[in-house]
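For reference, chains read A, B, C, D, E, F, G and H in written order, and residue numbers begin at 1 within each chain.
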Amino acid sequence: MDLNVYLSGEIHTDWRQRLKEGCDAHNLSIVFTSAVTNHEASDSAGDILGKEDDNFWRDHKSAKVNAIRTKTLIENCDVAVVRFGNKYKQWNAAFDAGYCAAMGTPYITLHDEDIVHPLKEVDSSAMAWATTPEQVIEILKYVLTKA
Amino acid sequence: MDLNVYLSGEIHTDWRQRLKEGCDAHNLSIVFTSAVTNHEASDSAGDILGKEDDNFWRDHKSAKVNAIRTKTLIENCDVAVVRFGNKYKQWNAAFDAGYCAAMGTPYITLHDEDIVHPLKEVDSSAMAWATTPEQVIEILKYVLTKA
Amino acid sequence: MDLNVYLSGEIHTDWRQRLKEGCDAHNLSIVFTSAVTNHEASDSAGDILGKEDDNFWRDHKSAKVNAIRTKTLIENCDVAVVRFGNKYKQWNAAFDAGYCAAMGTPYITLHDEDIVHPLKEVDSSAMAWATTPEQVIEILKYVLTKA
Amino acid sequence: MDLNVYLSGEIHTDWRQRLKEGCDAHNLSIVFTSAVTNHEASDSAGDILGKEDDNFWRDHKSAKVNAIRTKTLIENCDVAVVRFGNKYKQWNAAFDAGYCAAMGTPYITLHDEDIVHPLKEVDSSAMAWATTPEQVIEILKYVLTKA
Amino acid sequence: MDLNVYLSGEIHTDWRQRLKEGCDAHNLSIVFTSAVTNHEASDSAGDILGKEDDNFWRDHKSAKVNAIRTKTLIENCDVAVVRFGNKYKQWNAAFDAGYCAAMGTPYITLHDEDIVHPLKEVDSSAMAWATTPEQVIEILKYVLTKA
Amino acid sequence: MDLNVYLSGEIHTDWRQRLKEGCDAHNLSIVFTSAVTNHEASDSAGDILGKEDDNFWRDHKSAKVNAIRTKTLIENCDVAVVRFGNKYKQWNAAFDAGYCAAMGTPYITLHDEDIVHPLKEVDSSAMAWATTPEQVIEILKYVLTKA
Amino acid sequence: MDLNVYLSGEIHTDWRQRLKEGCDAHNLSIVFTSAVTNHEASDSAGDILGKEDDNFWRDHKSAKVNAIRTKTLIENCDVAVVRFGNKYKQWNAAFDAGYCAAMGTPYITLHDEDIVHPLKEVDSSAMAWATTPEQVIEILKYVLTKA
Amino acid sequence: MDLNVYLSGEIHTDWRQRLKEGCDAHNLSIVFTSAVTNHEASDSAGDILGKEDDNFWRDHKSAKVNAIRTKTLIENCDVAVVRFGNKYKQWNAAFDAGYCAAMGTPYITLHDEDIVHPLKEVDSSAMAWATTPEQVIEILKYVLTKA
């Protein structure tokens, strides 16, 4: 059994890295995918098509270019991991979770206990809530190898 | 032409009321629906099935009971209006927007200019971004009557 | 808000009746539907098309005739209530729950605590687990009227 | 022609083993998949995310973690074989059958004659009813090689 | 419970009439729909758009105009009754049955016993095989009223 | 039988009016819908949300607001009539035809013979090609009344 | 570009063989699939699960076992070729065409001119009508190589 | 990450060639597909099945044969690039864009600024508007490599 796992959300900590390394250490057959996580590159993606003076349209263009990547990757994944950090709004992570829920794609949330209440709708459609990348690694290992 | 419009997001201001009254004033043929917006009733919806000591499971139970309502209403709506206020995380609003995007249901966002950047993914899949309920009323009036 | 609620499972107790009467007492706008619950009529539904000597084919014919009804009703419902009693196998109830899960139709399970373990897969995809019809009535009342 | 075959249901006899060995003996091009069939591992899958005191929530967590695996495998299979043994409730097997029926995925049931009547709804949507793993092997061999 | 029933196939006997009258006699809440059953009108439907010299294109145009009607009606029906008479090829009836099968729409076949063998694929996806309109009436009556 | 018919394309001639009046004259049970056909209102629809200096974004905003209307109407229609006049590009009409084709919604094209060649892909997925509104009226009359 | 082509219909002439050899001769990258075309093997497929005295049920069982194969292959194909010979009813071929039409799978019909009229509904949803296997080979060659 | 990119529209300039070469130069993992772009071959595709005197039917036959190719390729692509040149109607390009929009397939438009207004509906559903093949190359490079 192979899995295609999409990693959504927080880009300011090393959770993606820890997750990949942990799964590699167990030789799990997983392809990980992600949005472009370089913040500046992501914000300026639309500039390729010409600069915009208005911030709304600059964001709009960049978000659409990024969506070419993320939409394709989310629709192709078997499972998503959606990470909510302690800073920033991360509405795009919640948006991805809603997208997965509507598609019937299972997802795992990854966040601290102190934001359980505001994430209750997002968590209630998830297949699991983890607080550490290591727990996610254990779940993926269980899913893939405990036949 | 009739419309079924789902109102998602912020529950602490009167935007739903202003929207409904404004549309009524124009005799627009719209049915508005919403999640349960009474905060306490919503948080304790799961208590009907027995109290929980653990906060996570209390939220989980309540969120699932609420989802019986919201999932049915979102899947039946023609258009959603998703409101992001200046307080609170409102991840459920972004979740609803992602759900609509995956379903192909058009939605309008309603929020101030200062949160344009964190909402860029949510806005880029929306059909319109409004800053006041009155703009949403004008759009619905246009959509319904400007044949 | 109206609901179309499909009642699946146990046919030997009065839970359907209690549910309907309880919802009527609250004037809830619900249409309840069900398989044919007259056991003998249901078992002999296929006899209309000619008697069968072989029990397997008699059951097969009747089950298919019944499916004309149940498939139509399940696909049209907004919510299902799936009841597991203390007797009988009730595999058809679990089958209906799996059908709803695949369709994305929310369902509520109704069963005693002592069969929680064998029903864990069925319950984990449900939106709620109730132990009494009265709890289901309260949930439906909440869903329909607590706007 | 290759087939991806999901094996659902009873975990206390060697039917999966016999099926795989029999198909191997005929060099059939089949990938077999399954839920985690180690009963204890399956029941404790959710403990990875923290222990639960309440049995319902322990089952709930484990069932959801297991569903990451089973949902992915069922949605990817071409055919399912659903086995009902003489012991246990096996509502999850009937649930899987209902899921397949709604998805339009063909499935074969495997059970003794004495439970034909309670399984009539499950059997009537199946493509075949077998009483021995050897019959299933013959069917798969026919499907794959009798061009 | 109401039903929308599409009547497909043979146009040279009075089976549609008998079916409608029989259901009316039982006050069943059924809307019956059908292709245009006037043979000449149906064959010349495309002539509205200009005459064709070539028979293939005349048939092609008329068949497409008729499909505006039949596609809409088949996709809206709850159940189809597909009638195979003893004369003519009636490939359009088998085509409609295949269309229903792919859509997951239940259908009942209506034909004599002597064509069971050539209709085995069509019958094996049907919910019932009847030999007389009266049997179909009894089934529809059972489905609608035996709650 | 009722029909919901969406009228797409050319806005500078009276074809919509002739079509509606002709169908009314035959008492056909049809609801006709359309995009906003007032050219100026349509072009400035986005101005409700604030003026744009850049023509591309002004068009973008207006087109999205208009899509709230058109997407809803096209997805709800049974049949579309797509009109290509002799002037203007009318790429939106071809876009609507492609949208219908992908949705499986039958559509009728309405255009002169001299543009048959550039419209061959659009026509080849259509159910009929008409050259006058009167022919479309005759087809709709046939579809609705020639049972 | 590769194609997966399903060959449906007539089993008493060598059209499948001619088609495969002709495509091989052009080195076209095509995987051809088919139902079991050995008539006796196909008719007795259900006997694996126990003999039936009643012809209807024998056909029923065999047809369902065969459908495990055909349903999987049809749903996986890119294009179907549906052959109607001059003998036999071939309702299964028309059934397959209807199935393809509902799935949106393109198909080519292959039949003589004298049965154009009874096949008009089947042909009108087809992408092409050919009278010889050689024409089908030319079309497949064009589709695959004329970039 | 790999991409399957469908190139739709204008066939009289070298934009396809420039796009492919540019992506090759960056070693991007892309499979490009296209309709048959040899104009004469495309127009005469239907002649394989017999010549037609009537231009409409000649175009109709050829367009349907071409659709076997284009429908398969569009439904398999991850992203489409839709090119509108300064000459010709190119309704088929707008048709493809509408098809993609209904399928939820992201597409990029490629056209000069002077046709922004007539393309506003097509552009407003696109993920990006480019004016040169080089911009499209940059976007594809960003999407594929800027992880």
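Following the convention adopted for this analysis, a contact is a pair of C-beta atoms (placed from the backbone, for glycine too) under 8 Å apart; a residue touches a chain by one contact, two chains touch by 3 or more.
The structure presented is a predicted model; accordingly, all values stated were derived computationally and were not measured.
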* Where chain B and chain F overlap in contact partners, by chain label -> A
* Asked: Counting only C-alpha atoms to place each centre, which chain is farthest from chain D?
  -> F
* Asked: Can you give the whole-Å distance between the Cα centres of chain B and chain G?
  -> 49
* Between chain C and chain F, tell me the centre distance in angstrom, where each centre is the average of that chain's C-alpha atoms. => 44
* chain E to chain H: how many Å between their CA centres? -> 40
* Structure fact -> Rounded to the nearest Å, the gap separating the Cα centres of chain E and chain G is 23
* Structure fact -> Where chain E touches two or more other chains simultaneously, the residues are 64, 67, 104, 129
* Structure fact -> Listed by label, touching pairs are A-B, A-D, A-F, A-H, B-C, B-D, B-F, C-D, C-E, C-G, D-G, E-F, E-G, E-H, F-H, G-H
* Asked: What part of chain A is in contact with chain B in the complex they form?
  -> 55-56, 59-60, 62-64, 66-67, 84, 88-103, 113, 115-125, 129
* To do: Going by the contact rule at the top, pick out the chain D residues touching chain G in the complex.
  => 1, 3, 78-79, 104, 106, 108, 127-131, 135, 138-139, 142-143, 146-147
* Asked: Across the complex, what residues on chain D touch chain A?
  -> 33-34, 36-38, 41, 45-46, 48-49, 61, 64-65, 67-69, 71-73
* **Interface residues, chain H side, partner chain E - complex** => 54, 57
